[in-house]
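Should a chain be cited, it is by its letter among A, B and C, assigned in written order, with residues numbered from 1 in that chain.
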Amino acid sequence: MKKSLIALAVLATSGAAMAQSSVTLYGVADLWVGKVKGSSVQMVDGGVAQSRIGFKGTEDLGGGLTASFNFEQGLNLENGATDPRTFGRQANLGVSGAFGSVKLGRSTTALDDVFGAFNSGFDSALSANAVWQNIDYTDRADSQLYYATPEFAGFSAAASTQLNGDRAAGAGRESSFHVKYANGPIGAAVGYEDDAAGQKGTLVAASYDLGMAKLLGSVYTTKPDAGARTNSYQIGADVPLTSALTLSVGYANSKVKGAETDSAFGVAAAYGLSKRTIVYAGFRAEKRKSALADADVFAVGVNHSF
Amino acid sequence: MKKSLIALAVLATSGAAMAQSSVTLYGVADLWVGKVKGSSVQMVDGGVAQSRIGFKGTEDLGGGLTASFNFEQGLNLENGATDPRTFGRQANLGVSGAFGSVKLGRSTTALDDVFGAFNSGFDSALSANAVWQNIDYTDRADSQLYYATPEFAGFSAAASTQLNGDRAAGAGRESSFHVKYANGPIGAAVGYEDDAAGQKGTLVAASYDLGMAKLLGSVYTTKPDAGARTNSYQIGADVPLTSALTLSVGYANSKVKGAETDSAFGVAAAYGLSKRTIVYAGFRAEKRKSALADADVFAVGVNHSF
Amino acid sequence: MKKSLIALAVLATSGAAMAQSSVTLYGVADLWVGKVKGSSVQMVDGGVAQSRIGFKGTEDLGGGLTASFNFEQGLNLENGATDPRTFGRQANLGVSGAFGSVKLGRSTTALDDVFGAFNSGFDSALSANAVWQNIDYTDRADSQLYYATPEFAGFSAAASTQLNGDRAAGAGRESSFHVKYANGPIGAAVGYEDDAAGQKGTLVAASYDLGMAKLLGSVYTTKPDAGARTNSYQIGADVPLTSALTLSVGYANSKVKGAETDSAFGVAAAYGLSKRTIVYAGFRAEKRKSALADADVFAVGVNHSF
């Protein structure tokens, strides 16, 4: 690396003492023990969230602008393996300011960022919507351009796409967007994806917090590149029983046009042991009339974030 | 991830500033230069301990309970490679309290935790017991349930096993335990393993510290799933010459039933340059009468921990 | 690991609280968007420097000696992938003092350490010398012994090689050295490599800082193990337009004996947004008369170090 340029002088000393203060090391360790119908009792990573370790940091650029980076690798507590791409969860560089924020690199898609937020069962391995079919939406994509607006009167939006030269041969761009609304007891989101294979997916979701319970619902429609349109929905409620204990119940339904319907009912409880550690437990009972076998599950798990 | 649940509120902000204080980044860089009989002089990773980098942390859950995690990856200073599973050394989540401690995930086995502690030659690449045969005991296992008791009057014990659903097809559980005793000059341990392939191994070890020297001895018996019973033992002594310099001598012997005996004699010295850096040197002379070739070794190395 | 030896006592507690203060976590996130002739606009990692994350630390050994380690992994912000060897950029252990410094393990070669320092275009993906042919010199090598002298009157030197036992079967040692001079406005370096395949390369480079511009030039001659001698050179200038903005222009030329000449002209600008974030832009126009196709490039990128 060039050592003499003034403009690059600090870069050349990459990682001096100052570095320490600008990086946040964070992560999750999440594991559950349970039984999936037809299998023996086993230990599985990531009931509520995949285990991971990440590095992120920001720098004030002046003029209201902030530079940021995020490198995040998922890992599997069952065996210590990471994604073959190591930093497959997040590997991006961004800048934010009054205009919103832009991220470049591998990151979640705009659809993914709202996909789970309205799921009952804490968007976990216990959620009823595990029976949703044709849910091969893209959670993360390579070489993304991601733009998020600032929040305005409860509204915010984001869009992600790829450059022409970053498409695979013969494939299209992975493009998606979302619009969110959050104001007092009301939450809502719309998300849309047109993936590299031409599959389109649309999510419409809403929640209303009654205080004694928060009602949740969403509809997801997907038109696969090959195969029939699929309509899926779910409804549920998160019920705070104490300040630490929340119960969540949900029902989900999914139908591929011209085929039978799959459905499931789930109940889960999450108890906050501390600021960073949660225990969770529950079950999901499935009723699949399609060709797929029921995968009823009972689970007890721990989620520890750091 | 669900953003609205009170119980999950902190989880959703995974990796906030607080995170920084709860994670310890640690590791080892260990490399030796030496000559193995029949080879040229070379550089080899991990004379005393494999090079590694790890992340661990704890959280006080109140009521005397502590949550903890540990992600640890080994690396090879020869070429920078890590284990294909990245966090193959440790990937687990635990809780400890007055009852002892429980760990879930990939970790060392209970047998491994006492296997090296009574070896002469600092349990290094110079130790005499490198000639022990059929020592394919399991040092780490996936999806383990690991329980360790508190210490009581110098005694402590641990056991590790796997759930039914985490066995490989047609294989058994990897199960092991140990009992340790440490009181004044006396140390002792018993360890036992019944591995996934049905191989059984038993370790009995003891030490006595005379002040001018610490005597060490252990016996390991293994009954491979295929092949004959193997009996191995070693004796040795660690002699502190100064506060920083320790000499260790050892003799090891190993015999597969019905076959010839292998033995070795080793001498090693370790000198503490500082709190975290040690230089070590020594040799092992082998006398293998079995089909295996002698692998006499001369080595000088450095172990730096951080 | 052995727990009882005094000399190894601290090693056994590897990763205690003290560890925290001795490790520096550092890295680079660098991404450009641009167009290479014949391709569509795309996002590419590492315009100025490959994205990376690293861990390094030092320990004062007393007597003027310092122990150090460095583990560094490259990553690709396009998709989050790291080198298959994970810590493929740096994985070494060293000691330094009045005698200079010694590093053992995987590291850059002595030639690599001066190879880019005299390149125009900030030694980036925009540099004119991308047209240099037979530049398969070894940037990093496994199991290296690396020695660097202290600086004396502006002069310093380094040499790297491998042990006999660390050569691949039928291959030679990777050996290289450099001598550098830096004093006031004058900079110069000579570098030489004799690689594992017997290819030899020689770099002679110099710079002179006029204040209003820094002139740069280098000549690289390589004698491949198979094929003809290749002579390459480049000239350029870095022009500081403001304290934050630097313009760099360069011309490079490369000729394989008996074949046609390739050349290129490049212009690049680097603007320091802050201490750790730089934006860069530029183009390189190629004129290749050899069998290779022109790979003219236009790029705009961001380099963020932490």
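Rule of thumb we're sticking to: contacts are C-beta pairs under 8 Å (C-beta built on N, C-alpha and C of every residue); 3 or more make two chains touch, one makes a residue touch a chain.
As the structure is a prediction and not an experimental result, all values here were calculated from the model.
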Count the residue numbers both subunit B and subunit C use at their shared interface, divide by all numbers used there, and answer same if that is over half, different if under half.
different
If you fit subunit A onto subunit C using the CA atoms, what's the rotation angle, as a multiple of 5 degrees?
120
Taking each chain's centre as its mean C-alpha position, how far apart are subunit B and subunit C in Å?
37
Tell me, which residues of subunit A touch at least two other chains?
25, 73, 86
Once bound in the complex, which stretches of subunit B touch subunit A?
1-8, 10-11, 14-20, 22-23, 25, 55, 57, 59-62, 65, 67, 69, 71, 73, 83-93, 95, 104-106, 142-143, 145, 163-166
Quick check on the complex: what are the subunit B residues that touch subunit C?
24-31, 33, 35, 39-43, 48-49, 51, 53-54, 56, 73, 75-82, 86, 116-117, 119, 122-123, 187, 207, 209, 214, 238, 240, 243-246, 248, 270-278, 302-306
